[in-house]
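Chains here go by letter, A, B, C and D, matching the order in which they are written, and residues are numbered from 1 within each.
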Amino acid sequence: MREVWSTADVERLAAERSAPDVWDYIAGGSGEEVTLAANRAALDRVAVVPRALVDVSTCDPGCELFGAWSTLPLAVAPMAYQRLIHEGGERAAAAAAAAAGVPYVVSTLSSDPIEDVAAAGGTTWFQLYWLRDREVVVKLLRRAEEAGCRAVVLTVDVPVLGRRLRDLRNGFALPSWVKPVNTDGEVGERVPGDSAIARHTSAVFDPSLSWRDLEWIRARTSLPLVLKGVLDARDAARAVDLGVRGVVVSNHGGRQLDGAVPSAVALPEVVAAVAGRCPVLLDSGVRSGVDVLRALALGASAVLVGRPVLWGLAAGGERGVTAVLDVLRAEFETALRLAGCPDVASARHLTVARGSCVHGA
Amino acid sequence: MREVWSTADVERLAAERSAPDVWDYIAGGSGEEVTLAANRAALDRVAVVPRALVDVSTCDPGCELFGAWSTLPLAVAPMAYQRLIHEGGERAAAAAAAAAGVPYVVSTLSSDPIEDVAAAGGTTWFQLYWLRDREVVVKLLRRAEEAGCRAVVLTVDVPVLGRRLRDLRNGFALPSWVKPVNTDGEVGERVPGDSAIARHTSAVFDPSLSWRDLEWIRARTSLPLVLKGVLDARDAARAVDLGVRGVVVSNHGGRQLDGAVPSAVALPEVVAAVAGRCPVLLDSGVRSGVDVLRALALGASAVLVGRPVLWGLAAGGERGVTAVLDVLRAEFETALRLAGCPDVASARHLTVARGSCVHGA
Amino acid sequence: MREVWSTADVERLAAERSAPDVWDYIAGGSGEEVTLAANRAALDRVAVVPRALVDVSTCDPGCELFGAWSTLPLAVAPMAYQRLIHEGGERAAAAAAAAAGVPYVVSTLSSDPIEDVAAAGGTTWFQLYWLRDREVVVKLLRRAEEAGCRAVVLTVDVPVLGRRLRDLRNGFALPSWVKPVNTDGEVGERVPGDSAIARHTSAVFDPSLSWRDLEWIRARTSLPLVLKGVLDARDAARAVDLGVRGVVVSNHGGRQLDGAVPSAVALPEVVAAVAGRCPVLLDSGVRSGVDVLRALALGASAVLVGRPVLWGLAAGGERGVTAVLDVLRAEFETALRLAGCPDVASARHLTVARGSCVHGA
Amino acid sequence: MREVWSTADVERLAAERSAPDVWDYIAGGSGEEVTLAANRAALDRVAVVPRALVDVSTCDPGCELFGAWSTLPLAVAPMAYQRLIHEGGERAAAAAAAAAGVPYVVSTLSSDPIEDVAAAGGTTWFQLYWLRDREVVVKLLRRAEEAGCRAVVLTVDVPVLGRRLRDLRNGFALPSWVKPVNTDGEVGERVPGDSAIARHTSAVFDPSLSWRDLEWIRARTSLPLVLKGVLDARDAARAVDLGVRGVVVSNHGGRQLDGAVPSAVALPEVVAAVAGRCPVLLDSGVRSGVDVLRALALGASAVLVGRPVLWGLAAGGERGVTAVLDVLRAEFETALRLAGCPDVASARHLTVARGSCVHGA
């Protein structure tokens, strides 16, 4: 792989190597892609006020996340069907994450089985979609536990799939060698003008998931439960009240509700509402170590990184993902030091400015 | 008709099929078209904060509007001279609205007679322009009632026509087969460098319409009276005090006062001033189901959709309008579910963010 | 002259017909032209909230200004050397203003004598630059009074000339037939890489003008004294305390201090500080009747229009200026009616919105 | 050298004459160069409200800085390796500064020895990088004192070097004739895909610099100690409490923490926290005399100018730097007069507006 200095370099390589419809599936958002763009704009507007005269000769970018140590305040976001992008699939990506010492979140819709992914040896979390068939849900939770997963990430922003116009226009479907293996499913045939992914989601996902189901899930797993896809501070507070152990402020990378608030805008109020009772993570638009620092300065404990990992996979399989994580680590370590932070905890006390005013303390 | 995934797809088709001067008449705004652009920018800036963990397995996008059920919180805005755009004219558009189960607002200046439009069988509202000849006004109200219209929408933002430079430059006039049939009028000849529409408006519209005329109108119809074109909250409050039953926050799609406030900016104060005493609708710039959700989140009860319906008409007559309404419905239903709203009422409790702050509750 | 629908149409014609260096002299601002651009951006951001249901069948766009009636809340800004642009010079422009019934402000640096300009028959105001030679100042005041001028407009924002890079690069100088005839001066030779205008200003203008000179001027003329080029509210208040009868909030069309506040941003605080004790006018960037309405809604009593008048002059002499004033009148009358204002006074009570909030009354 | 009217003119000349990798080294920022761009955007948004009617016939643009008079509120920022850009190196630049009567800050990493630079005869300040080898630090302080430097500027924003992607991509290294002569160092070989500058920094700079080292430094020099690279107001206050005699609000021209707050945004809070106890300077993005005025209006005592001086050096050696300083002086003097300020002190009482509001007093 050619030399890369930023995730944008990897994105360029990945775009060259990917089939156009697969690229659209990865890159696209829903609707007019307003939220997709707004995620970046919101992060770019977050200006950090660095501290001076702090000894950063040693600087530890690691942190504990749900009982395990991560070498960075970062996990790989759950993303379906990674064999679409590279034959190495989830195993390759998880292997890179394991080697890098960061958690890998395996999707309900992974194209490699949970067990194979967990066998990569790093910290694995299991991402759960709420399926109509509750027996399958129970079985998945059991398998995740047995495979050694350390957390269950329940995604709450996909009662139905967002309208992803690129996939609809492309009549997007999966090739025969990519399947949701954990659920023994078939995503379905290619139908011009329709998205097989959307049809499959609507067939197997249960849009009735609600607060009362939380208790049901908690009773069925001993793993810490994390909610992914929370944007309203009231929902975050309620989740914590009900025993949820972590919250991911996310708009699913701009792929679900177009017009949804950028996660970096929603984050501070969620952090305030949670008031330290559990970690608050952020995703959607994180592209650099500076973005990780921005998220921490806004009060996040860590971030999930989505598409950049897929870019790495597309560009070079496991080595590509390693390259992406290396870039993020180098950027974050530098950013942390330049912000005068010897560790992750101190980054959460940085002040941020937006527009032309300085806020915070 | 080719497949369409958003109203922008229909717009493209319509632009291809329309005569340039007719297209300018539809698409244009007044003056420098600052308000035309600002309407969109204001809506794009409205970021919705979705709710999580609400059962949306059933989701009803319908609502009552002035005593009748609509399958969407949306009506077709009154727009003059629809035969200009397609021979099917108002009848075709109204038929599509009827089939879709949404109200159609027939303009005083329709090119098909009120009665033919109402015969399409859906909910019809009659839009009244204040004409110099009061006998004609009375006659129109009588005809609207007899044709079965369910509301009278009095447009208050056209004491004179906005300066629509495209029409002036084009010397825009109507072809011989398009006429304001309800008033037996003739819009007039083509005069280079002048707009026949503007001359006609100035000849027949009465710019003296004022608060004291409201009572006169109310006494002459049993139908609920709705004011269209209100932007100042004080005017909205006064209207409700005087017995008006609905208010449309609108700048006429940027076609009247250039430099007027975007309706999405004006909306929250109007909603506050009306304080639930009647429905507040919004129009000007609504292009998607997400925009409908944005309007509801800002406090609107429903929206009017203008140009997109004309795009549908131009692109494929009744089928084209159906396609537009289908897209809006699909978008809105998805948006509602993704926002965690099982119905229209709950959307009005969503929080919105603008710029980089979250407001509301 | 071809048909024109907006001042931008006239601008295009004027640009075609003007020598490049003369065009640069007219169009340019100082420095990086940040203020030049900001003037327009600030006006475009002012969104007016129109009132509904006001009888505008009669609508009077006229107002009194310093004791004389103007058919519009608008005067022609003082601009030097108008023979540069058209042989008709100031006389042609003043004749058009007189015919239109709006005041014309004749510059100290006019290329036609004060008396000839005043003879055009309309309302004339004399603009005074503070010259090193006080005898000349006294003589000019005397001439202005005798010629029938109705006000003295003392320009306070030119202690030295702004750095107008276009003129410096062009080595701009006046042709032999254009001279500051009122002061019997010669602007000077063409020197490559220098501006003759700047050299002349620095030779004859007195940068020592200060508050203590105001009394000296007031004692030497019976005409109402107006200060042009005030941006700080404290200065405006002090001026009124000292008997000044009008204030023009202006940054000289972006030609003096680059980086100065846009006049539309500075206006509201000046209006508040003046608190109705004298008229507050605005200039810098006014290009349409909608801009006039915006200025009134922000609290101005009237505006000065600069460059558009020169565009008219360049495009067609007196007829060109008439065309510009006709466009402005048509735009303003329409805007006034569409804002629900039967007269100029009511426009000052309109609410304005900036960005995404509504402010005001 | 061709005629130049603004620093942008000099920039164009310099870009033409520089080797691409050297140009990238000068022009570039770190990361995505968000802060680099934001510095300019923040300054452009600062709109100054000029005062009227102040006698500016005499106008003194000079001020005292750390006990010596400067003819402008401006010093040349410390910048390493100036022989890279022109054979005249630091001596040429310092000679131009001396002739112009403004302080020159010589970098620890100058390519001409401190003594040669100070011999240029103007006011010289010595910029100190915190080196692992404390004996070298002590020796440098001694040499600076003996060479007649008037202040020590301790740079606190380079515990490690920012990720400057241009240099990484270029594999940037110094030619054999350019060396950090003060420390007898060698920056190192050209390595493709790596920056020799970054390797050298990491080898010799000490990232452990912290508050407790301040006392150590203060005890080792009699010169006033100035901190460069402070952005957080709390750090500024603490520094002053510890006896620091000046603070430079700076993000190192966007070359260190990408995502750091623009210095013009951070400035007002630092000024408030310092509360007049020592001068606060600003750098990062200053390109014109108007920018100097903006900084003063925001509360700065003076500015440092970085890249424009290098542009001058590249364009024409000492004469080029003189041209840049001449432009800045002409611009600043004009700006000061046009703002109604007879001296530098009064500029600090100007009001500024940002966006569409006026602040201050």
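Note that contacts are C-beta pairs under 8 Å (C-beta built on N, C-alpha and C of every residue); 3 or more make two chains touch, one makes a residue touch a chain.
No experiment lies behind these values; they were computed from the predicted model shown.
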Chains in simultaneous contact with chain B and chain C: none
Magnitude of the superposing rotation for chain A and chain D (Cα, nearest 5°): 90
Shared interface numbering between chain D and chain C [over half = same, under half = different]: different
Geometric centre distance via CA averages, chain B-chain A, whole Å: 41
Gap in Å, rounded to a whole number, between the CA centres of chain D and chain B: 58
Junction residues of chain A, two or more chains touched: 355
Chain A contact footprint on chain D (complex, rising order): 31-32, 34-35, 38, 42, 45, 156-157, 159-160, 162-163, 165, 168-169, 193, 206-211, 213-214, 227, 229-233, 235, 239, 256-262, 265-266, 269, 354-355
In the complex with chain A, residue positions of chain B that touch it: 3, 5-6, 8, 44, 46-57, 288, 290-291, 293-294, 330-331, 334-335, 337-340, 351, 353, 355-358
